[in-house]
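Common to both upcoming complexes is subunit A, partnered first by subunit B, then by subunit C.
== the complex of A and B ==
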């Protein structure tokens, strides 16, 4: 249910610089328990609150074939009880201690978090450890929760033309790879999921040597380590844990296209995504150049696409570019144009291509690049204000195969990007044979929803 | 707080970038619906010391008489400003609906002799952000700046507010985007339902029309309309300000006069308060989707009503709390009828609603509606149990401090309190007000607030089992 969209592309700059002179301590500490549990502590003593997160290195891309949606379904079932806590108890206890909680599933990770007064850290840690080791939901809850997941799918996919369109585009982008399946799962496969599926999945993947503990807020690393030893330390590792080996994306030799037409679509758009490399451990320079390229091309009014198609020419309602810098396998670089009414998507695509071709020929405006780098440096400072956001960025990076040092090095990598790097990255990424071009179109008829008149004479009283 | 709920749920937001629908890279889907971010929530009785809010908030009054609440904190070298001018789209003449939204979208599209691109570049050079948005009840302004660039950033804000170009070309671009947004919203089932409910509940009142206006009114807007809205909606007497971060009261005082001093002193009269008129029916708007989207509710309660806090606690127990609330238990946890159901008090300045919403598959929505009605009747009849009240208080008082987690959050809290008309000590008193709520209070407010006869539903979709006579369109 989250929409990180551009956030994924550019905010990733969240950790403060360590290397620069005079940069403050970033407050990040790490330790590892004997059973393999890695821990990251972010100290921030401004507010007497703490965010406690458990990240598992398993996500929808690890769903077994035929069981799409399983990792996400398990996420829901983690709230349904253990051998020690009845269904709903976990959440009730968090609430009655004034805490908030939730969970999220993506392709490469599944995460759980609570945000609560700092002196309640042990309480939530004890319960999180319990459901890592002792998940045991009642069978009836598995059935009703599956219905909830199906409603979720209807809400975020089927009820939205854009949701359907995105699913189709991914399927075409990632052939022979689980990134091509929806995180939430296909309806026809959700229907078949049973309790034994997620219990087996939990048993295999939810172990300390496949998990990352992140605690952020008004705590010290010593305090967290002591509590973690006590509650997570006794949980045995899974010696049989398999490395995350996924199938290799099928070689692509032709530009691919997806067109989806839906009467609900009012503002048609063209979007093209190119397969790209994400940040790699110890090797983030190319990714940094792509992240800056996305800013140059499509973030804000001063960017290339906006200047060409919205300022110099009144052609488009909206334009943009984005890059997903975190993924265990491959990622995408995307550009899109929502043209003015009356302009066809064929014209929009041609203009988008022309802008990119011109950009490849002329290069980066040095002043624009300088302003972007100013903005990215400042983003590091602004990001310090959002403690939960910092924790989340680290979790996403670590489950994508990076380590804390990579996270710390990312701002430097961004700062070091030159105009030549940006152009080299652009020439590398814009390969038609690695692209999927999508058209989302309406029927031109639109839909005319009716109005409601509240009137006593029309009362139906259901 | 209150204000932001309004904005969000009243479907009266402006400016959601169109790109949101276009670009959705590997988005982690599957998060359970978050507890409503801005609902009034919170805490712990034990360990009050630890969970209490200990913020030194000062009221800064500039030599020119402009007031702001300030929380000074130098941990991070940034400054955040949140402001709101009371009035907003509710001040738009009916045949000029959407004019204030169009005006606000143009404030940063050229000002002080700079065109839109030059203004954006100036902000980028300072690594600052300035943004404006409009709800029915207000024009909001937000600014973030590095402390070192404070003077320059406040000056850009001043130019946007007091010397916007309202360039004709920029106006046409903004109009096109506003019309595009209206088209998008006209095909978004949740927006359709929410707008239909507000339109139905407040006929003839500004709330009947979305803040972004209607296609025909937006088409007709002229530069003169925009200039008129600028002169009328941004006045000093309507301005509430919250500032957080690395800035002293003295620095702020002089920046307040420099930035806002040139605005008009007073705005035009505000609209009157309207009573919500609903009919207790189920109204279906046919729409080709597999899952029906439902918005339900009836009249609400003003923020300054003495029963507001008891009503707030009651709502938390009934539906506002999300997980753990009665409606979530009955619809989601026990029966899997929905991914999420929420309710919220909407104590808007010029008319109040008590609204809820959920989505259920077309073939199951009838059952879900029946359950909502049953829970409404049960709560009106029986109030809540002592255990429920105790649990609600623990959560609400314990979670309240979590809302003050970071400069940006503190700024939005401090603005919300002012917009709600609360005083500067409210932060410290608020948990006591929640603690003081008794079962009798809840029973009284349940009788007064909850009206099962009036509870009305707007259903957008292709619901099964709802009678044809209920159908609109």
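== the complex of A and C ==
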């Protein structure tokens, strides 16, 4: 769920002004149907294609206790047939009409999308509405698909040391909160899932008043509204829909550590994460400061960690910093160092600590801060060219409790961050007693490339 | 919930034979009422007193998510009045009749007891039945008692570094399981508890078919059964009672660490715990080996850790080992070292590791094993003299899923443990990747005595 930040190799002086007052129309329109379905339309007529997305305000964090993986399993089962379409027909029809499609599940959302020629929008909308209202996969497919999900888990977790390590770190980071469970589910709980579980979950959460329709591309809001009324309008809302209330993360007073050793690891690394606040509706300034802080510390060779541990000295293969700006509940801020071969993780951690301590003592370099803000601005503007990416940003933001205005205001919030804001955010977030420090170690014979898994919060593909 | 093990300073040669075949009648009788109430009677006519206990098969591990502390809060509210007795009257009547009483809450049980003259048994039974069926505390008492519970939390957790540390260690030990929550509840969740929460919890769980009556002392089983039929018999069972099914602890593949620093700590210590199996119905051999292992490693100056770190060398102020034999789900096995002042916890941990590694390599000293088994045998026999303690052992065992036969068979299981069993148990339990290592540190100005809190699983007193 990290906002993609591009590092641009071209001059920025020719870029248009930052979004905000006086900015051109961004083409984003919204409407809401009587049954509660919210819709966002992004008009963009450069190519005769359209992206149609349905986002549900439900995800792995809403899996009932003991049934981790349910939201993601349901995502798979959405392709297995309805009262009107047989198993696999949805995908076949999209494909035969030249479209592509996929789906993704994270803690706070489950999303489905198709990209297709603009004149086929009604086709995919009709099918998406059908599986919102009429999901009815054959029982045999539930069993076989569960095996597929388990195999997917093997691929993304068991077969990847970083995947296992990420799962272990999340478990101790988010105590008393479903963000501590894996999106894809623990194997021992996947084994228990049955067809009634996901049918009940679908019945409860897949309703128009829990969904956000996003259509982007060569359409007008009027066309989309007309089609949405026709296909989604007749689906009744769920009047018993409960607000998403998760338990509150337990307060942490003791530093936690996780040490995972896996023979497949080639490049060991140390990673430290802290609980942090995400963007809040109408209140994104602290998050903006953390987003800039992550850039200052760890993005690119000019960042503080890279300068100290890679440029001035050849100490580390890789360094980085991370901030997950979108989450309904809480998120993490993290830093990592992958030291050169032969350097211990204890040494790497000590150097990482020293760099951060020095940074807290001396403050942020004003020139670096300006360069980063220019880069963020450029990235935001270039992101507008990626119509699918914009639609995803909006979907992720809205299912994390924000609204379209928050999305619009985010570039301004980033632009307004001062050096004082960055340092205040740094002093706030780096609390040793609320940290989770992870060591991922090998045994000397590793061949796995040194992939750092910061925060695996989404499983995509079906 | 640790079985008290006495270290006896007298010759054991005069002790009677171990319980088992040919043992004398232990005075334990059982019956079950039609509404499902199980009863255990321990006849013991040495003093004209009786202990009356009501144990419910419900505890903090059954607190609904987000409402930690509810079972314990309900325990407090059980003294606040019924349709027949005003707030505080229960306790006043017990006191005026020369009795004493209390209550206790753990993960798997909530228990209430009165000790009183044998001829007043019916009085307390009538009142206990009344609050099982007719709990009705005044709403104002719910609010004021919640403040009392919060103050109790401050006393047993916030005011004790070992209490905070224990809570933090449990949280990372029991991932995806309610044993990771504090029995007394997190403060941020206590704040949300309201009268309807505990009334609903009472209505669901406080029913005869979820309760165990234990009466010990100067009574006969016939007398108890007659009184129980009269007072508990009319209370209807709860036909909708759900079996206690908690989520399964997530598998652990990475060693976890918790480092808590508190200026009040005088004697820092290192403690390491591992998940372990508790006693299972009809299957107590592995647990017996673990119980003996804990004695071998850490109980008394002849134990392995004490010999190496206190007797042969003056390295540690204290050492210990622990095994919690009773739990419905899983339990922990642990070891700790409180090093001499001036020794770092890193050194203490390295020495602890070395002692255990040497023990795993060389095995258990047969003489030590025999001495320990003799001591356990004696402790079991002496425990028979403590009628209240026997009743509590039975209550704790039955609410952990065992039956009276398991309780009877436990001394034999301990007696049958061989050196091979101990070493097999040791090799099984000491898995580094499934450990939680805790460091409790001070800042140099501590005054708190070096109390080691191994496993705070019960809150007692109201």
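Criterion: the second predicted complex is superposed on the first by the 422 of 462 C-alpha atoms of A that agree within 3 Å, B and C clash if a C-alpha of one lies under 4 Å from a C-alpha of the other, contacts with A are read in each partner's own complex, and residues count from 1 in each chain.
By our rule, a contact is a pair of C-beta atoms (placed from the backbone, for glycine too) under 8 Å apart; a residue touches a chain by one contact, two chains touch by 3 or more.
What you see is a predicted model; the values in this text were computed from it and never measured.
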Subunit A residues touched - subunit C or subunit B, whichever exceeds: B
Partner chain(s) touched by A:103 [first = subunit B, second = subunit C, both, neither]: first
Contacts of A:175 with subunit B and subunit C, given as first, second, both or neither: second
Subunit B versus subunit C as contact partner of A:251, first or second or both or neither: second
Partner chain in contact with A:186 - subunit B first, subunit C second, else both or neither: second
First, second, both or neither for A:428, with subunit B first and subunit C second: neither
Contacts of A:89 with subunit B and subunit C, given as first, second, both or neither: neither
Parts of subunit B lying in touch with subunit A, wherever the complex brings them together: 17-35, 42-44, 47, 50-51, 73, 75-78, 80, 116-117, 120-121, 124-125, 127, 144, 146, 169, 172-173, 176-177, 180, 183-184, 186-187, 189, 192, 196-197, 199-201, 203, 277-283, 285-291, 293, 321, 323-324, 332-339, 359-361, 369-370, 373, 391, 394-402, 404-408, 456-458, 460, 466-467, 469-470, 472-473
Of subunit A, residues touching subunit B in the complex: 1-6, 8-9, 46-49, 60, 72, 75-76, 79, 88, 91-92, 95-100, 102-107, 109, 115-119, 143-148, 150-152, 154-156, 158-159, 162, 166, 179, 182-184, 263-267, 269, 271, 273, 300-302, 307, 310-311, 314, 317-320, 322, 324, 327, 331-332, 334, 336, 338, 340-341, 367, 371-372, 374-375, 377-379, 381-382, 384-388, 446-456, 458-462
Footprint of subunit A on subunit C - complex, ascending: 65-66, 68, 164-165, 168-169, 171-172, 175-176, 180-181, 186-189, 245, 247-248, 250-261, 433, 438
